[in-house]
Amino acid sequence: MRKPMLVGPALPNIPWEDRPRGSSDVVWRYSGNPIIPRDLLPTSNSIFNSAVVPYRDEYRGVFRCDDTRRAMALHAGRSEDGIRWRIDAERIRFQAAEGFEAAEWGYGYDPRATWIEDRYYVTWCNAFAGWPTIGVAYTHDFETYYQMENAFLPFNRNGVLFPRRLGGHYAMLSRPSDRGHTPFGEIYYSQSPDLVHWGKHRLVMRPALGWQSTKVGAGPIPIETDEGWLVFYHGVLTSCNGFVYSMGAALLDLERPWKVIHRSDPYLLHPKELYEQVGDVPNVAFPSAALTDPSSGRIAIYYGAADTVTCLCFCQAEEVLDFLRTHSL
Amino acid sequence: MRKPMLVGPALPNIPWEDRPRGSSDVVWRYSGNPIIPRDLLPTSNSIFNSAVVPYRDEYRGVFRCDDTRRAMALHAGRSEDGIRWRIDAERIRFQAAEGFEAAEWGYGYDPRATWIEDRYYVTWCNAFAGWPTIGVAYTHDFETYYQMENAFLPFNRNGVLFPRRLGGHYAMLSRPSDRGHTPFGEIYYSQSPDLVHWGKHRLVMRPALGWQSTKVGAGPIPIETDEGWLVFYHGVLTSCNGFVYSMGAALLDLERPWKVIHRSDPYLLHPKELYEQVGDVPNVAFPSAALTDPSSGRIAIYYGAADTVTCLCFCQAEEVLDFLRTHSL
Amino acid sequence: MRKPMLVGPALPNIPWEDRPRGSSDVVWRYSGNPIIPRDLLPTSNSIFNSAVVPYRDEYRGVFRCDDTRRAMALHAGRSEDGIRWRIDAERIRFQAAEGFEAAEWGYGYDPRATWIEDRYYVTWCNAFAGWPTIGVAYTHDFETYYQMENAFLPFNRNGVLFPRRLGGHYAMLSRPSDRGHTPFGEIYYSQSPDLVHWGKHRLVMRPALGWQSTKVGAGPIPIETDEGWLVFYHGVLTSCNGFVYSMGAALLDLERPWKVIHRSDPYLLHPKELYEQVGDVPNVAFPSAALTDPSSGRIAIYYGAADTVTCLCFCQAEEVLDFLRTHSL
Amino acid sequence: MRKPMLVGPALPNIPWEDRPRGSSDVVWRYSGNPIIPRDLLPTSNSIFNSAVVPYRDEYRGVFRCDDTRRAMALHAGRSEDGIRWRIDAERIRFQAAEGFEAAEWGYGYDPRATWIEDRYYVTWCNAFAGWPTIGVAYTHDFETYYQMENAFLPFNRNGVLFPRRLGGHYAMLSRPSDRGHTPFGEIYYSQSPDLVHWGKHRLVMRPALGWQSTKVGAGPIPIETDEGWLVFYHGVLTSCNGFVYSMGAALLDLERPWKVIHRSDPYLLHPKELYEQVGDVPNVAFPSAALTDPSSGRIAIYYGAADTVTCLCFCQAEEVLDFLRTHSL
Amino acid sequence: MRKPMLVGPALPNIPWEDRPRGSSDVVWRYSGNPIIPRDLLPTSNSIFNSAVVPYRDEYRGVFRCDDTRRAMALHAGRSEDGIRWRIDAERIRFQAAEGFEAAEWGYGYDPRATWIEDRYYVTWCNAFAGWPTIGVAYTHDFETYYQMENAFLPFNRNGVLFPRRLGGHYAMLSRPSDRGHTPFGEIYYSQSPDLVHWGKHRLVMRPALGWQSTKVGAGPIPIETDEGWLVFYHGVLTSCNGFVYSMGAALLDLERPWKVIHRSDPYLLHPKELYEQVGDVPNVAFPSAALTDPSSGRIAIYYGAADTVTCLCFCQAEEVLDFLRTHSL
Amino acid sequence: MRKPMLVGPALPNIPWEDRPRGSSDVVWRYSGNPIIPRDLLPTSNSIFNSAVVPYRDEYRGVFRCDDTRRAMALHAGRSEDGIRWRIDAERIRFQAAEGFEAAEWGYGYDPRATWIEDRYYVTWCNAFAGWPTIGVAYTHDFETYYQMENAFLPFNRNGVLFPRRLGGHYAMLSRPSDRGHTPFGEIYYSQSPDLVHWGKHRLVMRPALGWQSTKVGAGPIPIETDEGWLVFYHGVLTSCNGFVYSMGAALLDLERPWKVIHRSDPYLLHPKELYEQVGDVPNVAFPSAALTDPSSGRIAIYYGAADTVTCLCFCQAEEVLDFLRTHSL
């Protein structure tokens, strides 16, 4: 098994738990799941599908906290170990970035976050004229957030930035959708010179068979390796009793990420624990953030369970890459 | 916190359990939930969404018992403490009230009951030409039941009488619907001189955001306070995997109950326990009856869980009123 | 062929044209159809599905005039011969009847009108909280209109009054529906002591096979004969390219009109002329008013064609009754 | 209670567990359920809805194993006691029976198996042109399987052979369906001289009220008794949150099995255990195989739970027959 | 242009009209269309989608006559020239063929007819348990009709027999469907030793792009040529305002007709005349019968227009074959 | 009536016909409609929804020509008078603009064209990964066309460029949609520095009541006046028998075109002629191009009728502006 070279700074304090004895799963769950209960905040109905990044020698996160109105908002959180989190009781209030008009707040959910060059960028599913599209903002300190333009026209969800420019352009994956519980979804690539104007759209992945037959959408920020971008993504199957969300992975070409090198034919994570099978939306495992330690190859993946709580699972980069080579569509 | 004056006779033996230590919830669950298991009767598939009233120094109820054919019927029940119930194995057989034609039985579900003037009235979702509308009957003793005319044309559900006349007329809330698993629902007010002819219909509440965005429907009999009618109601959100039923409350104008004074923006009860999340219909908390002790301000609410079992939760009237004042839409 | 006795005043100047030579149709079209073009008013998009009554020795009507916004409103019209009509450019503005609250205007369509006792009553599909239900008003002179309460909760359409009290109560047929282009519809009977409170609802007719398999709804005011109430109604079939509206007839019991004596198995009128097959809604023949001359047995039926124009067709009461006897479901 | 005579060889080692004390259920669950976990195979996502037959003094089965791609395939299994199973890691590869063309493999699920005359036949839901229909194969040893022609045109599911010829013809029950999560389903009977050409189709059972109101489909191979064919079948109810699968039973005429003698009005098994209520498809109890010991009247029924795991339940033939006599539709 | 050899007896009196001057259309309409008006029978609503065969030196037909109930039935007709038709006022009453059980009549539509060996066979869409499937009958004289078993399980339509056995078996094309206005449809081939039991099903044609993107179904009896079976078929496109039915052609392998040699990429006939665009179902041209004169290569095709009337169009076999060679998918 | 100043070169040979005597319509039809029949090309099924621009002293157009496969393609056309057109039999073959990758052709429909600065730009609904989005190309001579990047992610339709830069950026209106016959549609504004990257999206118009209640989409290139951008657009109403497309107009702010100054409450053109009411899609009047003569205020609008043929209608700019002032939403 060749060891891929992961790009990025070492993260020795990455949250971690070894694979359970006897298990040969490529991805395994944290034994203390869920790490964030639905009611961590007194006003929260559920906390899930959220963004986490290293910040100095701690961690910062942007969390989807649906409150007891079931209104969806983004809250900042901090943690020393990436497992025990404190989350602000007040939602993030975006202010207009310089040169941008102030935007009215509607709702925000399913955030992602990454460092690019000189600041942290946050993207999320943002209300635009009442419809879902991709909001974009940045922060230097996870205290003050500056909102830019929405990246796309409605209807869009799961906008995920690459952690660096490609060919001089910012790059984003997204999943064009419709107005409701969209029964379709493909991942597209778009580029931008300025994070405002987007173009050169390319199809990356369509639904395929089985667990990913209804829709697919990007999860955590792509992880750069010397073999390509490692992308964890969600796939959805429609059973007679609704959607089932599972997690897979793909390896995208470094320079032309719309070229798929490998893509997992089996899933890597599937709703099998009660906290994934039972909740506000049964049968959901939805990856939305990952921490990576290039020196050890460890990856910790944050995922929402049952649209209710936040969980952790783990894997080794070289094992995932190997799995992709041997179990690709 | 001002103490509202509740109208009605004292009910010192109201079923009750104090709020759990450490909890600040306005509504809290009974620790012995569910109080009625799905198979209390040998032939029952589920027992839920039912009516309870004080009767002498005991309690009487009209229960929705779906049998193992999954046929829906109404059964009488009795209890000394409002918690431990005996339910008749045979369903209620309505006889025609004097001056009324005998009606053919189709099905009956989601009953409500209240005392008005000289007798107990029961309303329920009744089969009329095979379609759901509001059945009306009365009883003096919960032994013999006299059926009157259906209140409305099909399609209607959740017909809930006020416990006294308003402006000389009987008054009812109801939720016009359609023929199936109706994806919409608003609460209307109607009046009647004789419980047979109904008119002067007024819109009371529409769906709003979040947990009550798909439909809303009245729950227990309105509770009279000196500030208005306190109404507990269900709201429904449509997730990608189906309906989720939560409970909220509203305060309606005493004389013109179609005027909403306050209405809860957050929910007060939401399916979070396994017995609410798992069952014949996952994720349902459906309030259908309430007992009130004006002297202590205690309210005990009966609700169906997962369309499978019967549960209890509690609150203090003054806290609910205060919550409505501070968390109104 | 027994001659039925029609109840009512003679109407010697009833609009009329003899059956075309060679035809044996029970119902035949006026050769000058459509009698009212879609743009009779400068601002009208279409004029159809309207009410007509004798008034002194002339005729008065309440017309559905959709304007070029395609907003639906009611306009008064007058005619000396029932064929050539002048229609008011301005829509009817209802004022609150004494003792009633003023209602906000939303929309109004598909009106019916009849004389009862001392005045003319108009019913129509009226916006109530934005939804369709049955509006009720009266006029003495077709100049001033007094609006009463809506008869029913939403959702309802095709409310048609009987031209006299039955058993001391006002009586109405209606067709409970849903919020959109309702794919079902049955005719129900309701009674009222005061035209405000309605009850004692009874099912009259369900859809049947063929042309009336999707829904049925009452058309003109029932015509009293000594054999029963003669009712022309519309039936709808759903083809792969949409709804097709045809006309049939039924004979209802005089005292208990929810008892159907005869009901036409074949249709009596079907969209076969270009003005019925082509227009804003292709393939619609929708009867909404009838004039009757008891002395001759002549009946003139007004019907909307293609939801665009107003047409006339004719028949002989005794022939329709005979047809019903021999072609009943 | 008359003892019916069951036809077939004694099966003294039938898997069995006595009815729990205090229970009066006609059908009771095995206390060790589920007998096969979802991940018995390292690559399996779920194992359920499968076929079991006695084989020499052991048992053989054909199992539906969905793998972690959620691809559906058939795997052979063996067991000494019918409870503890070993399942082949590799799916069954059908070879063309002599005189038949080789068929391309698409997917296969919900198998049934029976001995007829000189070999074991397996039927299952087989991909034909990408659509579901009934595949037919035979084996002598559960090692090599010979595939014949598909029995029917698409779209069909739940094809279940009778264990012997009737009137000289092979006989099969099946449930014509459509392309997706079919919301309807009736059981039909068809015959064949050669297991290739099928005809003389007859309707056997339609959906009825309650638990079997959406669709019904045959489960295990019909069990021959001297009173008729005992058929366990699944019925489906559509709640607002999806399908619910329960089990009932029917007795069919021995010579003309499309004549239903008795059919259970109540269900016999309903999703009430967590392993039936929670899983890839919540609320499913789906019977697919039965073992019968004529000497004792014992019947062991294999059923899939929540489309995830394999379970066992038990009954006594004479009690089921008696139940059918007293609780028939 | 190679002249294909058509198989069959000469038909010198085939109905015919030369291609209009200036036209280069491969298929052209009869100038006297429609040849059968919707009301040829006093009780008919429409006459269309029907079967025609040569009979002695005249023509016989089986016609779909929907009556003014819009009940669908089959009527026999006769014509000397294939253009002017007399149709029986009474529908065909099938009697049970010898050895067959009498079938209850539900409805029948879209018949096809052909001579095989010693008699004429008629197939049609027949009510079976209330659902559509393929009825089969034969007649020697178009006076008495003997009904056999339905060929397939529901749901099926457009069953079209080949005019001779293939490999010793009867052969049929059909289009499995669902219960309503089916939005999909593929043509399958099935064989039978006895016209009772059917098997060895094979997919022949799926929908393709454009005019045939929603469904395809066989039209007239296949025409044998030395190059293959010439099949005219209908294709359906779904516009935002419903289905549009056009006609194309295909050439199938003589021995293995599920092998498609050529298939028309453009349509050959499309609703462009008012009688095809306007009627009970707008925009339908539906071929159902063809007459062929092998000596001249002339083909006359009967097609239903707008589900209302019967029309004729013409072509030359060699031109159609040439068109297929040059415009194949 | 104030005369607005139109911006642009004089167009004295604009196609024109005076308003019919007696008419007071703001927009009137050309008496020679349709100007292009459906079969102008031998292989065309329909020609409609197309682009027209002045070119030297003639006119050039890009036409949507659906061929007899009902494949949608773009064809160039030329005309001396704007009424009689010659259209190339071959579709436009785009070549990659310099610096762009060649795009695969899927389909193209509903084109628009305008001159900006130094060349003609064409936009259209273009297949991207099989889904509709906005294609962009330019030409200098309507002979060679250079394709750039698609403007947006799927799913989008009706992309319409402004005829000059605004604030230094190219500007486009578009209507985000979904994958099928989209039942919703709003007009959005987007800007681009380079016609490749697009951003700063703004909502311009939502559906409103009546004729424009289902969706709205931009029609011809916006016409610059000194009062604002004059935009003709289509609005869609959903009747029980499908979509109805009408035409209205709006005036947008010159500098911030997402600010609507006026918007027509009534429609200006509605399907009332047989060629608009009958065809491949009944009841469609779809404006797609306009010619303007600033010196006379004349505007000629090209519109597709019934998705089948191309038509012309006329108006005076000052009358339209005046109408908007007096009939604005």
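Think of it as A, B, C, D, E and F in the order they're written, each chain with its own count starting at 1.
Everything below uses one rule, namely that contacts are C-beta pairs under 8 Å (C-beta built on N, C-alpha and C of every residue); 3 or more make two chains touch, one makes a residue touch a chain.
Keep in mind it's a predicted model, so treat the numbers as computed, not measured.
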Steps in the shortest chain-to-chain touch route ending at chain E and beginning at chain B: 2
Farthest chain (mean CA position) relative to chain C: A
Most distant chain from chain D by Cα centroid: F
Of A-F and C-F, pair with higher C-beta contact tally: A-F
Rotation angle superposing chain A onto its copy chain D by C-alpha atoms, nearest 5 degrees: 120
Interchain centroid distance [CA atoms averaged], chain A/chain E, Å: 56
Centre-to-centre distance between chain C and chain B (centres being mean Cα positions), rounded to whole Å: 40
Interchain centroid distance [CA atoms averaged], chain A/chain B, Å: 42
Mean-CA-position distance for chain C and chain A (Å): 60
Sequence positions of chain A contacting 2 or more other chains: 241-242, 278, 282-283
All touching chain pairs, where touch follows the definition stated at the start: A-B, A-D, A-F, B-C, B-D, C-E, C-F, D-E, E-F
Chain A to chain B touching residues, read off their complex: 38, 42-43, 45, 67-71, 181, 241-243, 278-283, 307
In the complex, chain D residues that touch chain E: 128-129, 133, 149-156, 174, 176, 178-179, 184, 186, 188, 190-193, 196-201, 203, 206
Residues of chain E that touch chain F when the two form their complex: 24, 209-211, 213, 237-242, 244, 265-267, 270-272, 274, 277-278, 282-283
